[in-house]
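Both complexes shown next keep subunit A, but they swap its partner, so subunit B is in the first and subunit C is in the second.
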Partner chain A sequence: MSGIQGGGLVWSRSGRLGVWAAFAVVFVPVILAPLAVVVLAAFAGSWNGVLPGSLTGRHLEQALSGEQLASLSVSVQTGLLSGLTAVAVGGWAAVAVRGAPPALRRLTDAVLHLPIAVSSVVIGLGLLVAFGTSPLLAGTMGMVVIAHVVLVLAFAHSTVSAALDRLDPAYALVAGSLGATPARVLWRIRLPLLTPALSAAGSLSIALSMGEVGATIMVYPASWRTLPVSVFALTDRGRVFLAAAETLVLLAATLLLLLALGRMRTRAAK
Partner chain B sequence: MTAAATAAPRAARFRLLRPGSGGAWWVLPPLLVVGGAFLYPLALVVQQSFVSERGEAGLEVWRTVVTSAAFGEALLRTVSIAATATAGCLVVGTFLAVVLAFVPFPGARLVSRLVDTVLAFPSFLIALAFTFLYGSAGVVNSALTGLTGSSAPPLDFIYSPTGLVLAEITFYTPFVMRPLLAAFSQVPRAQLEVAASLGARPGRVLRQVLLPEALPALAAGGSLTLLLTLNEFGLVLFIGAKDVITLPMLVYTQGIVTFHYPQACVVAVVQVALSLALYGLYRLAHARMSGRTGGAR
Partner chain C sequence: MIRFDSVSVTYGATTALCDFTLEVARGETVALLGPSGSGKSTALKAVAGFVRPSSGRVLLDGRDVTDEPPHRRGIGVVVQNYALFPHMRVFDNVAFGLRARRLPRAEIAERVGEVLAMVGMDGYRDRMPGQLSGGQQQRVAIARALAIRPPVLLLDEPLSALDAGLRQELLGELQALRRELPDVAILYVTHDQNEALALADRIAIMRDAALVDADTSDALYRRPPSAFTAAFLGGANLLPGTVLSAGPAGVRVRAGGREITAAGPVASGPAASPSAGEPALVCVRPHALRTAPHDAPDALPGVLTGTQWRGASYRLTVRLDDGPESVVADVPTLEGTPAPGGRIGLRVDEAVLVPVPGDSPPAVPASRDSAPGAPVPDPAPGAPAPAAPAAGDSASGEAA
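Now for the complex of A and B:
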């Protein structure tokens, strides 16, 4: 972040120390403590005081076995499937919209962004009303995947769209002037130049999908229970330590997926 | 002569790549996806809200829902919680961003990286953390009872509207910080130095130099936060306070717990109308902000 360099506002040493102390007082409870406490709880054997009474790996072990492991696998599959679909649809729209007349372009942008403004529960309710009795979709994982695609599509689309805005048009123009067909320009010039943006959009979509709970809880079938829904079931039954361990597993799995995606990207670039 | 002859087809190919030259059909597939998976269900929700459970069309369901005490209370609660939480995020987020950008300390870069990471976390993490931090047997209460020696937990706010507001401030503050940090990075340091060398105190520099620069970012971050807090469901569900019912929570209980689809649809339509109105404001603020800082998302 380039905003962090040199001073500029508070010049006296004591003034700075005071500001930093105030920063710590606000920052610790708002950003740091919630993360630390969930990680700690995942390993807590018992916790009745300020710090856990004892530490254990039991919760984590439980979070990685049986029913909980199945939830993890469901979440990973949902994340990959809906992330990929969202990038394909959102990326397609971002590229295609550039060849469309301005009015259509504005309409497409608006329609693709609209789901951001609608509560996830309402999106879930809509899918239930529309497809809840359809023999093809009712009670299948398809409902969950559709809900996730709708919810993350706007983010995928705007990530690719922003990258296209910054792309130097000269490459595509030169290739076109040298006789390459539009399809060839897209495949050989534009998509390779967009790879970082597509991968960033994929990462964001997967991260958002893996943590989604509002629409999922409206539409999920018993056979396709995502990890956040499992965490909710656990907290509801008061099994908070296992819930914390599962949340930690969710964050770790998301991070690993994104790292793997990043490595694939750098390997592809070589 | 030959040059002119070959130039013509090249120009034609050239045009294919420019905006506004046909190719409108290519936009259709993604539009169809959004139409089928989002707009069509949403239209059905609106339609369903006008059909009673006996299958008669009319305003009957609307009348019963809108006049019910539970709906009025939920509407008021949703708006007041979202407004208070957004105000809190703006204050806390501005303070944290100003310190990170203009009174940096060793490790400030790491801290701002952490803020970016937190943005991608699910909101229920905060609900979980709150039970461990501020629950009746949580960290803070244990520390306080240890200090005061009393047996009753001194803090008891999690299952109240205040608890939800604090949880939302905790979760959404980074959403205000990110656009602010981006805006602050565009402010030339020399401006601050000149102001200070001319004798302006930090408070005045903040008010007269920084705040005007940050205003578009504040508006964009603030309206996004307001939109997201209005629509927030994960936190409300996980905290699960019996008397803190917001509109999304009402949609959930009517739709899934008691299976009153038409009622759920009425609440959903009100919720969508509310957030769409706000979303318009957000796009306006966002367009202004990108106009000022050069279009970074």
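Now for the complex of A and C:
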């Protein structure tokens, strides 16, 4: 393996080892260790020493049945719904402000990023104050979806906006000169060329939505409890092993969803 | 067919095109030629509708299209990087404009086949743009623009992304294509003088966002109306001097430490009837200079500062005794030429010397090295023919 393939621009063996060691120092305690503990806890019957004892699949079985399974279904539906909505709204905003004056573009960008600059609990509280008494939204899944859309919109918008920056404007200009109306240019040229970015924005939005808990906990109705809220409630009640099992299910479901979207993206690209 | 009527384009405080007026007739090819930033691409964009003029009008066939969006103008455009839609096959790229016009499928297939055959790409209709070479992409881009049968074709530096060999080959193909489109007005933007001279009926020289000169390529080369055009088109030496007298035999000028007569054809304008005592520039092409002993009475004396082998000829750089300017001369052999640093004389062919107004700074030294291949103009009556272009010159875009 050459230096470039194996270690980027680091050519010496000791240098490459140093890079990998630094990566491991960050990756193992910050990412890998918590995940490993969650996985072990999901199968633990008890945990009194360094390692868990009496390994069991009972927690996982519970996590995939009854209310817990319903929560998983709610999370997947919420993720898909809010992810698609965020891509549609954020993507539209990115395309719409393309030809606008720079000041308006900056303002749009700032407004869309504002929700992620504050705590998600604040967003939940804001929605509760704004729509808590609305007969259309109060106590419905709509509140949860809106909260998620508001929180992931900035990511969807930024992803599509960055892709638009890289898109050669000559495509749209030439398409226009060939007689295509702006709508046709959007539908036949811009959107197909933005498909990878739209897909990436969708994946990111869904992943973020699947893990969202701060705003959800403020607005969710009893009939629409997401899996992260369920994990939070279980942990709060001291049922840590079941919470770990649900977390494992949530991770697996998100991963499968993203893999499926990635597969669809690859097929579309062909 | 195309008419620019005092068109100006500004971006904030920057003027990209200033008071530009030009006409391109049906069946005519006009090249917009100029250095980078001279406004030539902006002019093309104004016709295509890609930029909106801040003042002036653009007319197509007498119709004012200044405020019309591009999709209502019906113009074929080929841009520098071709902009083939990467997610569509060659067939779909070429059919795009026809589908936008909602033509019947059978007609679309027929017309796509017709234009692809015209550019020699009929066998590539199922390829994706990424599977094509640069030259093939260029052909498809032209086919796509021609498929809608536009009355106006705009070509924005279509060969600039290609290597020298392919550029020469496609230049020939564009010439052939031109003959197949007798009714199409073509506006060709380029900074390559070879392309302009080879393709255009007329050339519009641009500089600093404005039109400098516009005329037939032969007239601009042989009777440059301005110092800029003389230097930019063909890489002329411009000897500063003072007019001594003007008459039917030519303009007598003191330049380079000698009295010389510029007896070449003169463009209309200030240079046509200069008065004694006025400053003037004498345009002398590198191929019109020959080496001579430095003390020859009819030669311009100077010091040879450099020689450069250019394949079939040598380029000498000589600092003249009189005046700060260096001049370049293309000679077929170095026989009798001193080593760099030695004294040398340059004999000029007065029959092809042309006076140009002396008040316009030439300021395009770089163009000498990128000057075009000689247009091989007919010699002026009684004048010897200019030297044939050197093979190496042609390949490198050099003037003879």
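Quick note on the criterion: the second predicted complex is superposed on the first by the 242 of 270 C-alpha atoms of A that agree within 3 Å, B and C clash if a C-alpha of one lies under 4 Å from a C-alpha of the other, contacts with A are read in each partner's own complex, and residues count from 1 in each chain.
Please note the rule applied: contacts are C-beta pairs under 8 Å (C-beta built on N, C-alpha and C of every residue); 3 or more make two chains touch, one makes a residue touch a chain.
In this text the structure is predicted, and so the values were computed from the model without any measurement.
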First, second, both or neither for A:Val89, with subunit B first and subunit C second: first
Comparing the two partners subunit B and subunit C, which touches a greater set of residues in subunit A: B
Subunit B versus subunit C as contact partner of A:Trp20, first or second or both or neither: first
Partner chain in contact with A:Tyr171 - subunit B first, subunit C second, else both or neither: second
Which of subunit B and subunit C A:Ala222 touches, first, second, both or neither: neither
Partner chain(s) touched by A:Leu136 [first = subunit B, second = subunit C, both, neither]: neither
Which superposed partner A:Ala183 touches (first subunit B, second subunit C, both, neither): neither
Intersection of subunit A interface sets (partners subunit B, subunit C): 173, 176-177, 179, 181-182
Of subunit A, residues touching subunit C in the complex: 168, 170-171, 173-182, 184, 188-189, 192-193
Residues of subunit B that touch subunit A when the two form their complex: 10, 13-14, 16-17, 19-24, 26-27, 29-31, 33-35, 37-42, 44-45, 48, 92, 95-96, 98-105, 108-109, 111-115, 118, 120-133, 137, 139, 142-143, 146, 169-170, 173-174, 181-182, 184-185, 189, 192-193, 196, 202, 205-206, 210, 227, 230-231, 233-234, 237-238, 240, 247-248, 251-252, 255-256, 261, 264-265, 268, 271-272, 275-276, 278-279, 282-283, 295-297
Of all residues in subunit A, those that touch subunit B in their complex: 1-11, 15-16, 19-20, 22-23, 26-27, 29-35, 37-38, 40-41, 47-51, 89-90, 92-93, 96-102, 104-105, 108, 111-131, 146, 149-150, 153, 158-159, 162, 165, 172-173, 176-177, 179, 181-182, 185, 204, 207-208, 210-214, 217-218, 228, 231-232, 235-236, 240, 243-244, 247, 250-251, 254
Of subunit C, residues touching subunit A in the complex: 48-50, 69-71, 73-77, 79, 81, 83, 85-87, 96-97, 100-101, 144-145, 148
